[in-house]
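What follows is a pair of complexes built around chain A, which joins chain B in one and chain C in the other.
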Partner chain A sequence: MLGLNKKDTSLLIVVALLTLLAPFILNPFPEGSAMAQFNAGYPDLMQRFVIFGIFAIGFNILFGLTGYLSFGHAAFLGVGSYSAVWMFKLLSYNVIPAIALSVVVAGLFSLLIGFISLRRSGIYFSILTLAFAQMSFALAYSVLSNPKFNLTNGETGLQVYADDPQILQGANAPDLPHLFGLPMRATYTMDVGAWSFDFNAGYYLCAIIMMAVFYLSIRIFRSPFGMMLRAVKSNQQRMNYTGLNSKPYTLAAFVISGMYAGLAGGLMAAMDPLAGAERMQWTASGEVVLMTILGGTGTLIGPVLGAGFIKYFENIFSKINDNVLHSWFAFLPDGLEDAVVFVIHPFIGKGWHLTLGILFMLVVIYLPGGLVEGGQRLLKRFKRKKKDTDDAPSGKTEPAE
Partner chain B sequence: MAILRVKDVSKRFGGLKALTDVNLNIEENSVHAIIGPNGAGKSTLLNCLVGKLMPDTGSVLFNNNSVLGLEPFQINQMGISRVFQTPEIFGELTVMENMLIPIFAMRDGAFRMHAYETIAREREVVEQAEVMLEEMNMADKREMHAASLSRGDKRRLEIGMCLSQNPRLLLLDEPTAGMARADTNNTIDLLKQIKDERDITIAIIEHDMHVVFSLAERITVLAQGTPLVEDTPEKIRGHPKVREAYLGEAA
Partner chain C sequence: MDAILLQILNGLDKGSAYALIALGLTLIFGTLGVVNFAHGALFMIGAFCAVTLQKLLNLSFVTLDETQKDFLGNPLKVETPFIEAWFGPEVGAMIIDWSVPLSILFAIPIMLLVGYVMERGLIKHFYKRPHADQILVTFGLAIVLQEIVKYFFGANPIQTPPPDVLSGSVDLGTMVGFDPNAIIYPIWRLVYFGFAVGIIGAVFSFLQFTTFGMVVRAGMADRETVGLLGINIDRRFTIMFGIAAGVAGLAGVMYGPLNPPNYHMGMDFLVLSFVVVVVGGMGSLPGAVLAGFLLGILESFASTTWATTTIPGINQIIIYLVAIIVLLTRPRGLMGRKGVMEE
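So, the complex of A and B:
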């Protein structure tokens, strides 16, 4: 289907079902129950899942295929956000031109940075991209924000003001990002018994775009171009002596992944019309590296899983506080309860980074292929067990010779 | 007619004269071996032919076109393929993919953004790769990762990858270095077969005299960065200058 083989088609269908049904899947616990805080099915978080999924899918095209580790991809995300907000300010709150411009501007910006950074490989390439990203951050944070020329609005962040031109903004159009009149914040809440599910317009826009770019990434992975990118990672010497110029291949991969990042940045601004310089900081670049490695570098679905995993931790784990812990361990005797809470305390709330760090270390050491490898191993073990039980009876009936 | 003409090529590395006034003609459709003791400048010469090094003086003409100053991929596109001392293949890719890449490179040139096509739909390229794998006796290993092949198979694959591009000139840099006797003999047989079946010029740099004398039609002896003699294998075998270069004056 769609020019994919069976395995890829079923993967695409699974991803489509998961994203479309996410409001149900992420809200498994009834409202008001003790577990309700583990529900992740609210619009804001679901949007972040898919937006960072897009960011990581794009990053994986560069890092997973060519092996070039960029430490500056957040710069493209930030550029995308700024472009989108400028579109809101100048044209209208319609998200289509905003998202289109963010992809184009991020593409051009990554062409420039890629062209220079790709003169080196390995750690030097990483350092160059990091330097560029930090320069972009400094530009956005202070240099490009002065009374004479205010492109980024510095610390406050770029946002839409009442006196902005918005030349195409119709009189009746909603006063916040919308898709031809459908506001991104529009949410339909469905109550089923004790459960409540949110269907948000912005989330579904992001989800559909993510499926489209996920499909595109499968096509790239399976194309001759994708094979050439893997050849870059495997052996550049052989590639050059085979009549192939590896530079345009890596640059193309860099620009594609920069455009994915720009798209993610544009969508972020479309969900919340605000762009700040902190989106470009090196921690944000590092985050997408973590997502990709955690999920499984070079795999199709890994980066999406990694993005979901980290965002879930960031938003859900960080909300658990001592009160919640006390309520969980209330069944223990008082002294013991306090002791248990004391031990767990550093790993929750603001300490969620600690838990994430430990998990990351465990994954890198025991599952170098990331969560995807973990899944494959579980599947294999499950299959083997099933096979063993199938074989067992027939083994008995065979006569020993 | 000479397909490759090396004229007055010199190369220095700081104070070291690696090559001094090297003149060498390689005739079309011949097997030409370049031998010489360690440090004679064989590898430097080879690197000057494929664009890895730029000689200080002199010219290198392939098919009457200069190759100096060109990138390795451009020289390959002109029709020169190189086999390395340790097989250079795409280890993380499958044997089949290894074979597809040079064929795509030949068809599409140094760069093409075919990001939306599917490899399986490129029937012609896939077919050519399959024929080549068959010819190399590797069809049964097509789904294996190239890194997991034996040393001999890696060499076969690399030679096959080069041949799939129908090069006019095949350069081999010590193709049997570090190989067991059986693998060496297999490689010799393979190269003999290539020589008989194809319209191809082979230039080979080799240490192993057994390999040189079973393949070469012409031999150039290189010593201290300059060609000592060039002749047929029979003449080279007993040549006093060659003995001297290899064994020192005492012999």
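So, the complex of A and C:
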């Protein structure tokens, strides 16, 4: 289907089903029950899932395929957000031109940065992108918000004011981001028994876009272009010796992933028409690196999983506090209960970053393939136990060096 | 003339911090070939050693002073630090006053230990993995260290004042013949600069004039051959990692009075220090020191009103700008050796 083989088609269908049915899947616990706080099916969080999913898919096209570790991708996200908000300010609150412009501007910006950064590789590339991103952050934060030429509105963040031109804004159009009159905040709540499910217009816009770009990334992975990028990762020198210039390929990958980041930034602004400089800081770039590695670098589904995993647990862990822990471990004897809560305490609530850091280190050390590799290993072990007789000689062939 | 001198002096304290951190980074890179993203966290841990010692010294017990009454008529509670009770009030107060310089003694064993544990426990397993993996795992470690410190000390900056004698300013201008009040400079910055020069000198002479240093330098040049000669080079490199951690930690200890330590100060310095290392030339120790001071001074010049009115915001981007230009025009950095990490 759509030029994909059977396996990829089923993967795409699974992802499509998961995203479309997310309001159901993420709300498994009835309203008002003790577990209801683990529901993640509210619009704001679901939007973040898919938006960061898009961001990570794009990052994976660069890092997963070519092995170039960029520490500056948040700059493209920020640029995307700024251009989307400018579209809201100048044209209208319709999200289509805003998203389109954010992709284009982020593409141009990444073309510029990529053209310079890709002259070096390895750790120098990482540091160059880091330097560019920090520079953009500093510029957006201070310089570009001077009264004469206010492009970013500095610390306050760029937002739409009542006296902005908005030349295409119709008289009846809603006064917040909308898609041809359908506001992004429109939410239809369906109550089924004790459960309630939210269907949010903004979420579905993001979800559909994510499916489209996910499909695109599958096609890139399977194309000759994708093969070329993989060749860059495995041995760029050898590739150059064969007389092939790899620069256009890596640059294309860089620009594509920059456009993905810009798209994510544009969508972020479309969900909430505000853009701030802190989105461009290098810790934000670090976050997308974490997502991609945690999910599984170079795999199709990995980045989406990683983004969902981090955003979900960020949300859940921040909610758990000592009282919740006490209610969980109430079955233990009193002294032991306090001890258990005391031990877990640093890792929850505000300590979520500590948990994330430890988890990330464990993944890098023991599971370089991320969650996807972990799942595959589990599956393999499970299968082996079932068969129990599968001791075929290792048919792995070593490549001639 | 005096304005130029003032800007150079202003750049020295940041430059010293850059140089010290970059020196440690380069040392680790040159010996072990590891890109250590957790080096900023070591700097931060050093600063928090000073905070810890200050807190320890200020541990107090409460006594009731019957001679003084508070406004309710109850006896006044007086907190006396244990130190003052043990050593007498005057010596005790002096020890507390000098807590930051004293922290150096406290920090050295801690930093060496932290460095040793880090190398043996984690980094050792990453020698043969790609640089990207090293960056990632040390990045994760930096987050973990930072969050641990945040858990124990909170998110707010903590003041670590310098000793009273060293806390004022001094009029340097009169000493070299300028008008009075032309160059007024905080004493602690001078102390910090002197301290940095001392540490840098110590590291260089250690490498240059001891047998241990000679072996380490030989190992940096050709690790395999040194190993074949029957020298346990790994053990020496581990010690060098500890020393590099110590240098970063001491830089942090003494930096506290200039800028109150908070848990993310390491990350703030890390990015800049990497830029410094790259500008100086990966693996070149003199290059790291030179580039550290150079960029610190450059930053201070870019912060003058003249510079910021000519090119707005130049003070925020100058270091990155220089790094980009250097990387593109002279890939191996200012003093990098040919062929070392030159991709």
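To be clear about the criterion, the second predicted complex is superposed on the first by the 385 of 401 C-alpha atoms of A that agree within 3 Å, B and C clash if a C-alpha of one lies under 4 Å from a C-alpha of the other, contacts with A are read in each partner's own complex, and residues count from 1 in each chain.
Everything that follows uses one rule, which is that a residue touches a chain if its C-beta (ideal position, glycine included) is under 8 Å from a C-beta of that chain, and two chains touch if they have at least 3 such contacts.
Every value quoted in this text rests on a predicted model; they were computed, and no experiment measured them.
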Which superposed partner A:327 touches (first chain B, second chain C, both, neither): neither
Superposed model, chain A: greater residue contact from chain B or chain C: C
First, second, both or neither for A:219, with chain B first and chain C second: first
Partner chain in contact with A:172 - chain B first, chain C second, else both or neither: neither
First (chain B), second (chain C), both or neither touched by A:249: first
Contacts of A:233 with chain B and chain C, given as first, second, both or neither: first
Chain B versus chain C as contact partner of A:360, first or second or both or neither: second
Residues on chain A lying within both footprints (that of chain B and that of chain C): none
Interfacial residue positions of chain C with respect to chain A in the complex: 35, 122, 125, 130-133, 135-137, 139-144, 146-148, 151, 267, 271, 274-275, 278, 282, 312-313, 316-317, 320-321, 323-324, 327-328, 331, 341, 343
Chain A contact footprint on chain B (complex, rising order): 50, 71-73, 76-77, 81-82, 84, 88-93, 97, 100-102, 104-106, 108-122, 161, 165
Contacting residues of chain A [partner chain B, same complex]: 3, 5, 219-220, 222-228, 230-231, 233-235, 237-245, 248-249, 252, 256
Footprint of chain C on chain A - complex, ascending: 67, 69, 116, 119-124, 126-128, 130-132, 134-135, 138-139, 141-143, 146, 282-283, 286, 289, 293, 346, 351, 353-354, 356-358, 360-361, 364-365, 368
